[in-house]
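Below, chain A partners chain B and then partners chain C, in two separate complexes.
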Partner chain A sequence: MENVLNILFCLTLLYLGTTTRIMAYLNVFVTQGILLFVILILPLFNKFSAYTFILPVMILAVKAVLIPIFIKRKIMLELEVRKSIESDFQQFNFLLLCVFTMITVFVSANMLAKYTLIDSIPFAAAFSTIIIGLYIIIFRKKLIVHVIGFLVMENGIFLLGVSIASEMPFLIELISLLDIFVAVFLMGIAINKISSTFAVDDITGLDELKD
Partner chain B sequence: MLTSILIYIFFLASAPLFIGVVNKLKSRLTGRTGPSLFQPYYDLRRLLRKETIYATSASIISRIAPVIGFVSLLFAGMILPIGFYKPLISFDGDIILFAYLFGLARFFQILGAMDIGSSFEGMGAAREATFAVFAEPIYFFTLGSLAFIFGCTSMYEIFHSISLNNPAFLVFISVASISVFFLMITETSRMPVDDPNTHLELTMIHEVMILDNSGLDLFLYQYTSYLKILIYATFTSNFFNPFNVQNHYLGFSIYIMIIFILIVNLVWIETMMGRFKLKSIPQYLLFAASIGILNILVYSFFNK
Partner chain C sequence: MNILYLLSGLPLASGALFFTFNNLKVKYRLSIFTAGTHLIITYLLFAGFIAPPQNAWFNFDSLTKLFLMILSNVFFWVTANSYKYIKHSPIEKIEKSRQIFYNMTNLYLFANTLALISNHLGLYWVALESTTLCVAPLIYFYRDKESLEAMWKYLFLVSVGLAFAFIGILFLTLSAHGTEFMDNALYITVLVSGASKLNLIWLKAGFIFIFVGLSAKIGIAPIHPGEVDAVSNSPSPVAALISASLGGTALMGVLRILQILSWTSLLQFAQILLIIGGTVSLAVALIFMFRVTNYKRMIAYSSVEHMGIVLIGFGIGGIALTGALLHLIFNSLNKTAFFFMAGNIHRNYKSREIGRIYSLLNNLRWTGILFLISFLAVIAMPPFGLFFSELMLLQGLIANNQFVLMTFIIILLLFIFIGMSRNVFRMLYRTTDKSTRTFNEHFEFSHLSAIVLLCILAGLGIFIPEPLAKIISDVTRLFVHGI
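Moving on, here comes the complex of A and B:
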């Protein structure tokens, strides 16, 4: 069943390579948050205790509710960014790149699984999430899309943690959540500051920044 | 065997009805009364009465193209299991034949469009060929991955081995059915890819290719396109058909029900979505094809 969820996770990644709208990017991020929630909550069905539910519920609250609302309200509406992602790289080629990356990652994960004890499918899903998050940051112009790419990357790191060790220390997970939230918060403030000073929302305009 | 033939005749006869139901539901959803359910039949009858006229520049190709298209789809339909019944043609590797019959029909339609020599039709033919390039991998990756998973290459056996016991297979199947749905929309030129009701030649893909045909030829083209969409709908519906049901009548009624659900989905998508830009269609098709690639990738690790 967890493999199934990982396949769905990979599908959301492919959709990131297909769509050109910022709202769709945000929706994909919400879907990934919900998928992570289900992945975390599935092994807990037998041992029911309130303590173990804190983390999944927090994941759901932060990734599927708080951050999307924050991005939508504070950033999208206040800055009035345009709806398309404006990449300098054709979307078709981007998707091809994603597919080839995924194939490479799956094959190498399979080779790794022969020597180590990792689960190949969750590992491959997590690793391709990280790389595709990185691609989004590299190939897109808009800052807001960079934030979402960073968050997708963070999802991948989280999934990697889940796949490599089934019991990740509780505190570290909490810190990772806090980390994300602070990061988004800071980025929001940074973008707001930049826009109030320079009125640009993509990285090409940042070349003009000098001290 | 006799029931299979009867079922197939019923299948052929109900092809225009499918479009009729789609159009009716679509108009209802947008608040119009819409044409009658049997409007496609009336259209076909009207076309049959008309005289067939050929352009002066047309050669033998445009005379044989509609017939070849029709006959190849007729055979393609025979490979497909309808409801619970065994298809008329079934052998190992018939999934390849199925794809190539469609390819043959498309090839002759493209040739027929270019044969007339109108620039509009040439443009439509070019578009059709472009999208076919992206549409065929969807078929081969999806069905190929299923053939790989179930270890058989006959369409009847593949759909027969689908069982709902294993949740992982369930996901493979539903994910594969998404990409086949994409394929259906592309191949039959429905809404997000191509607008069947458009009246501007520059934006058409499929309709522009048959602008200069009339009478019996147009009848054949129209009927072939009705048949094509029903074949693809059946193809998609087969993914959800629980073949463990041993009762023929029950299997057939489940088939009708699934087709109806599919129609509702199609109508909903066509009403809710605008047309894609021509430029961005290939990436959606590649998305559907990569679903098949993902299926193969994941399945090859499931065994380990």
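Moving on, here comes the complex of A and C:
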């Protein structure tokens, strides 16, 4: 079951490779948040306790509700961001790059699993998410899309943590979630200010500082 | 009372309290109280007068004590001088920034202290990310285009970098899979004591990710732009904080992993990476030293250079490692004084462009002289400490028969010196038609602070007091075994 969810996670990444609408990017992020919630909550059914549910519920609240609402209300509506993502990279090539990356990651994870103790499918799904999040940051121009790319990357890291069963203390997980939320909050404010002072909302305007 | 409450609780409490009122002067006085208390406790810990608390989450070994001392010292001087800089800033109409200044610096002190004393890599990570979040609004202090861009770049670049570091930390957990301590694998002391049992593949991957991720925050080429922009566009007290203390905190993460690696066969690999990172930083600093037109950016690139030197020192080990530790301390003292003087120039000339600063030595007597002395210290003139620490680095290179690298580093340092002095002397001596304009400068507290810091710098170059010598030899023992 976990593997199915991880594969579903990878499918959301392929959708990122095909779509050009910002709303779709945001929806993918919400879907990933829900998937993370389900992945975290599945193993808990055998040993039910209210305490263990706090983290998955917080993740659902932050990643699938709070951050998307913040981005939608505060950034997209106020700025009237143009609907498409504007890239300097052809969409089809981007999809090819994503597919190629995922294949490479899955094959190498399979090889690694022979030597070390990792579950190849969750590990590869997590790592593909991180790399594709990075691609979004590198190949897209809009600042708001960069933030979503960063969030996708963070989702990947979270999935990686789950896949290698890292025992992060509960409190640290919660604070790191808060840290990410505050970071996105500050980035959101910065984007708002940037678009009002620079009159652009992509990186082409940010060239004041150079030597 | 537990000193942990005083060290981290006091800054947190004052930072939170400051959100409830708006009196800048009161905030300033309370901040000085917090910074002073922090400095006193840190010194007592440092000199061994009080015993550190025992707690699995916190680690008060010699490395922590050293970095805590650096942070506390820089923070104290920055806070003591900050009022004048933010009250009479070159740009007006920034009341909102002034109001949150002390709130954020106190929260920064809390987060940074927590990062330094944490024994758990997860705790270290969240604290380090929090320092980024505290510093970001401070970078946007002037509320203009440049500072906005700088804040965005710093926030985004460092956050992505820290995300990489987090992957590295997860890899470290993976490297402990199958060992008996796998459930406690993120405690630094546990990892160090069980280093020989770790899986080397994941340990190597973990080091690479952590080093690359944190280098955005340390300010090491090629991921230095975020740090340089942040330092050059924020007010001087903030620039001093980022350049002299925050880089060190991020470096601490790398050093902790290096400490683990020193018990394995991967040490050499890590050292080569550090040397490459350091040398590239020196080369980048050299290129930009000839291209900069902004004196604050020039000092920021000088930070890139000095962090590069520190990394090379750690990469070589032995006596160069001792040199690197001293270099870190000296650099923090020097940069704080340098940024104070740069702030004075900015406030009087209302410009950060080198081309617009003229006859500094005539116009601003005290600032000019101290700017010149800070510059002499930065380029490692004797008797200032940086000369002796760089000498130790070269000694280490000779001891390791790295003559090619040594020649290369000396050439880089020489040209950095030429590039930097070209800019500095232009500011000090160039005359223009406008030279008749008079500046009325009195002896201020910032001058006194710079004199004290530079005197400590020169003093430490000649004589290293007993507590410091002991701490440094203890730290060296963390990395070099069997001595």
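Criterion: the second predicted complex is superposed on the first by the 204 of 211 C-alpha atoms of A that agree within 3 Å, B and C clash if a C-alpha of one lies under 4 Å from a C-alpha of the other, contacts with A are read in each partner's own complex, and residues count from 1 in each chain.
Here is the rule we use: contacts are C-beta pairs under 8 Å (C-beta built on N, C-alpha and C of every residue); 3 or more make two chains touch, one makes a residue touch a chain.
As the structure is a prediction and not an experimental result, all values here were calculated from the model.
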**Message:** In the superposed model built on chain A, check whether chain B and chain C fit or clash.
**Reply:** fit
**Request:** Once the structures are superposed on A, label A:118 by its partner contacts, choosing first (chain B), second (chain C), both or neither.
**Result:** second
**Message:** Looking at A:56 after the superposition, I want to know if it touches chain B, chain C, both of them or none. Which is it: first, second, both, neither?
**Reply:** neither
**Request:** Considering only the touch criterion stated at the top, classify A:43 as touching first (chain B), second (chain C), both, or neither.
**Result:** neither
**Request:** Would you check which partner chain A:20 touches, where first means chain B only, second means chain C only, and both and neither mean what they say?
**Result:** first
**Message:** Which partner chains sit in contact with A:150 here, chain B, chain C, both or neither? Use first/second/both/neither.
**Reply:** second
**Request:** Return the chain, chain B or chain C, that is in touch with more residues of chain A.
**Result:** C
**Request:** Could you say whether A:103 touches chain B, chain C, both of them, or neither, answering first, second, both or neither?
**Result:** first
**Request:** With both complexes overlaid on chain A, what's the closest CA-to-CA approach of chain B to chain C, in Å?
**Result:** 20
**Asked** Which residues, counting only chain A, touch chain B once they are in their complex?
**Response** 1, 3-4, 6-8, 10-11, 14-15, 17-18, 20, 91-92, 95-96, 98-99, 102-103, 106, 109-110, 113, 120-121, 124
**Message:** So in the complex, the part of chain B that touches chain A is made up of which residues?
**Reply:** 167-168, 171, 175, 280, 282-284, 286-287, 290-291, 293-294, 297-298, 300-302, 304
**Item:** chain A - residues contacting chain C, complex
**Value:** 115-118, 130, 134, 137, 143, 146, 150, 153-154, 157, 160-161, 164, 166-169, 172, 175-176, 179, 182-183, 186-187, 190-191, 193-194, 197-198, 206, 208-209, 211
**Prompt:** Where on chain C is chain A touching in the complex?
**Reply:** 120, 122-123, 125-126, 129-130, 132-133, 136-137, 140, 145-146, 148-153, 155-156, 159-160, 163, 166-167, 170, 173-174, 177-178, 183, 185-186, 199, 201-202, 229, 232-233, 288, 291-294, 297
